[in-house]
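Pasting the structures in now, so scroll down.
In what follows, chain A forms one complex with chain B and a second complex with chain C.
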Partner chain A sequence: MSGMNQAPTHRFWLPNRGVLVQSIALGIAEFRTFYTLRAWLAGWFVRVLAQVAFFASIGLLLHSKDQVRYLLVGNAVALVCLEATVVVLTMAAERFQGTLELLATSPVGPVTVLLGRGLNWVLTGVVSSALTLTLLLLVFGQTLSVPGLLGCLPVLLLIGLTSHFYGSALGAITLRFPRVEWMVLNVGFMMPMTLSGVNVPVSFWPTPLAALAQVFPVTHGLAAIRTILSGGSMSHALGQAALEPMVGMGWLVIGALLYRRMVESSRRRGSLGLF
Partner chain B sequence: MTDLAVEVRGLRRVYQARRGAPEARTALDGIDLDVVPGQIHGLLGPNGAGKTTLVKILSTVLLPTEGTARVLGYDVVEHRQDVRTRIGTVFGSERGLYARVSVRRNLLFWASLYGLSGRVGRHRTEQLIERVGLAERADDRVEELSKGMVQRVHLARGLIGDPRMVFLDEPTTGLDPVAALDFRALLGELLAEGRTFLLTTHDLDEAAALCAEVTVIDRGTLLMTSNVRDVGRRLAAPDRVDFDAEDNMVLEKLRGSGLVNGVSELDKPGRYRAEATSKESLTSVIRLLADEGITSLSTSPPTLEEVYLQLVGDRGMAV
Partner chain C sequence: MNILRVIAASCRMQVAETRRVPAQMLILATSPLFAAMFLSVMKRNGDPTVLTNAVFAPALISLWFMSLDLGGGMISNERWQATLEGLIGSPSRLGAVVFGRIIAVVGLAALTFVESYVMARLVFRMDVRIVHPLVFVLTLVVTLFAMAGTATALAGLFVLSRNVLLFQNSMTYPFYILGGVLVPVSLLPFWAQPVTRVFFLSWSSDLVRASMRTDAPGWAWQLAVVAVLGAAGLVGGLVLIERVVRRVTATGSAAMA
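Up next is the complex of A and B:
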């Protein structure tokens, strides 16, 4: 505590690596206070397995192995989005525990703050999706290849990050309108769940909705994963997967602008520290 | 540019009516305040006076409705980023920490927000843990700590960016006397490092012991700013004399003399306090008492507590 040092200059768009590392560490430490490995396996993981198996079994009713596969892959991949969008609740908790006003008035820029919240959910989401996908493909007697599954991992990560940015943008809205976080989370998650090709192909929807689906997380990444798992062309899959982070960046920009707006209007109203 | 650590001019803050709060509330109504660098400035006032509101404006959590405020020369609205990198804030409540994770994890995270990551962040974290005396409890979850310990974590968090200006909102509320003393000693050390503090408190002894200057506000307006040593002189109230008396005759004589506003018994039986009507009559009161053979007398200027009570008025729980 010798010289009075100067904190780094504020950069609106540039994320600060040190903060991201510490955010993940903090998120994991919090996560571990309510989940041990066993509790996670017995609680959350069994729940999501059952959920995906339920949807896949609709395919069984239709006596279609292809339907089973379609539903299984779609719902297993949707898990990473489900978990990553939990960041909405993380942001609400931030306000609830009084850390939001300290975060919002710390020297780092909003993008760093937004990126950092709840990144741990992206990691656990990828694990949930990948494990569920592998296990259930085996259980339902579907073909699968190790290289195919490995190829899905980076795409799952992309979907997770995109969903994280999407969830952060939703979370920013809850900063201004607290107490609606559950509704925002549920509606927010239902959009990709319905439109993004999880249970029915995007092309099933009328053109405006199909167009809307393009800007939601999961749509492009899931398409890429379907291509990869069906042994389609690598360049085709890459082209599809590349769209996912573009959607993510869009939501990040929207989230950062919304967050700044919400913080500024809360400072004016005096509701930054309220919940 | 000014050399003041805090310079507040005509500051007003109105909380607009909204759902759940049907009436607009003026929390600050034209406050002026100067805080000289390198000292602890006390901010006193009853519940709802506007102290927290002022601290929140100065720490850029809240926007002012009118008026200006500068911290270390930077305007809190125009140059909020310059303010944020140079200040530390400690709000005295349970909130503001990640309760489920360890002290160390909390501090490492906040260090990163102030640009201290990797080795530097770890070093600063350990230094502060040591400094606030939590070395043994650094791996405990914050929710497992006692109130006094949590308060120290808050202080450590507030100091993580090595701020030149620190805002402390009731940092010792809920601490036991020993913990409060420790806290004060620590503040003394931090002061010696050239930091400036704005401290809100309800503890007048604490303010008298720590602060070089105090400001009293009530209902959003400034009642007084004064050097703590001279605070008694600020009071228009006459000086008083304390004395021992065995019989009531002396008391009657005093009361009838027209020299005193009143005579009251103090905590100790047989000890009384006479309030002289003026500085001049004080001399006559002392002469009168001496003539009655009373020698155990002492005079004193009003304490901060008395000044405060007179300023704020004795309105008890009414806010």
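Up next is the complex of A and C:
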């Protein structure tokens, strides 16, 4: 038991490509047990279309075509964040399934596994965002530039990865408090939806909230996408897009430190298998 | 056992469970964020007449979300917890137990009306005036009843599926649009409008907005429509739950999802 009590810090995060690939494969397998293509299209995709149309229709209420576009683009891009933060649920799932104890004592350590498990949501998030953006721009009679849309794809991927790391950091909380998983997920993705320039510019908010928005996913990537779609300065777009992964790296470090703290705290309490 | 006593006991039981697991009331955390999103857009761009659209939209959204989440998943959750057999074996009717628990859920969810008001008045400094308080209160009461009735029907429907979460996820935003919670259904394409009118929330949303305007014509019959649609949901739900009970009892599948 003394060996168990001394957490193997050097093994807490041993980057291992094989384990990462297996974790991603596990995530995809889990996804496929939940969604068939028909269920995804008729269930999830209809919901995300409706979500973006719901917010875009506020522009109709305001009789402003510009507002329709602003809300449509913001909320379509926010979808990738929404889906990528679903990783929060996989963290608590390890505990519910009784596999967290095994992960905590494995030679590779839990971080590689936990970071790999939800990556499938990043890919589906990019697909949801891109398809929704394209379809609804057409439905709402907005101008559509194919090169512009293609230019958005890498930025969507960056937002997805940043959101994944952000969600992973939030998920660490659920490793310790698994019963709040849905609360953490919902509040987690709604904070960027509120503050990151999705519905109103970041400058609308008081200075402390606008400053907080700078460290959320979506803020910088969305600014880049708005610039790309409006045919604005490429240097501005690239500058904003480059800030997005920097935010993501910050959340990655926070997430890894939080995993370590939460798992070690649970090990000390002997509560790794409890919820 | 008297059916009203069953409903009251189930209601108390649900309140006790929610107190034990406060995370069930996640809408109390998300409703202010919805309010911040809607009110910020309206405040930045809107004229004062459309601002009123945003005030209670978060509360209507929260009510529907709770009906789907806790209400709709109620029987399925009992099944997963392996307590459905015990419930079916008890002398009380399952439909009455479900309805009683759902009343507690929507009753607690009504707290989001207070949150929405506080967000609009204190955070966004809006001049929120409920011009017709009687219409507002009656709308709230009848809407809560209709919500509970509809959630009972959803509980009966969802238990037939193995993937309840998929339905719960899918039925949020499409129904916020059909319910006109933020943008009135009159702004939807004409072909969609008849569909929205079989959903009680479209009438409730109009009534909530009407209670904040100087004119609120025809509110009485609109309230009646909400009550009738809610009652239809409740009756349909109770019949459906009774059928589900008969089926799982006959096939011995109460414990199987």
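Rule of thumb we're sticking to: the second predicted complex is superposed on the first by the 256 of 275 C-alpha atoms of A that agree within 3 Å, B and C clash if a C-alpha of one lies under 4 Å from a C-alpha of the other, contacts with A are read in each partner's own complex, and residues count from 1 in each chain.
The definition used in the following text is that a residue touches a chain if its C-beta (ideal position, glycine included) is under 8 Å from a C-beta of that chain, and two chains touch if they have at least 3 such contacts.
As the structure is a computational prediction, the values presented were derived from the model and not from experiment.
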When the two structures are overlaid on chain A, which partner does A:Leu60 contact: first (chain B), second (chain C), both, or neither? second
Per the contact definition in the header, classify A:Val127: touching chain B only (first), chain C only (second), both, or neither. neither
Who does A:Leu135 touch here: chain B (first), chain C (second), both, or neither? neither
A:Leu103 in the overlay: touching chain B, chain C, both, or neither? Say first, second, both or neither. first
Going by the contact rule set out at the top, does A:Arg267 touch chain B (first), chain C (second), both, or neither? first
Which partner does A:Arg17 contact after superposing on A: first (chain B), second (chain C), both, neither? first
With the two structures laid over each other on chain A, which partner does A:Met190 touch: chain B (first), chain C (second), both, or neither? second
Touch test for A:Leu243: chain B only (first), chain C only (second), both, or neither? neither
Just chain B (first), just chain C (second), both, or neither: which does A:Leu144 touch? neither
Chain B and chain C contact sites that coincide on chain A, given as residue numbers: 34
Spell out the residues on chain B that touch chain A in their complex, using ranges where they run on. 13, 15-16, 18, 56, 59-63, 80-81, 84-86, 89, 91, 93, 95-102, 105-106, 108-118, 121, 124, 127-128, 131, 141, 157, 159, 161-164, 193-194
Which stretch or stretches of chain C touch chain A in the complex? 21, 23, 26, 29-30, 33-34, 36-38, 40-42, 44-46, 50, 53, 163, 165-167, 169-174, 176-177, 182-184, 187
Per the touch rule, the chain A residues reaching chain B in their complex are 1, 3-10, 16-19, 21-23, 25-26, 29-30, 33-34, 97-99, 101-108, 267-273
Parts of chain A lying in touch with chain C, wherever the complex brings them together: 34-35, 39, 42-44, 46-48, 50-51, 53-55, 57-58, 60-62, 64, 67, 71, 179-183, 186-187, 190-191, 193-194, 198-200, 204-205
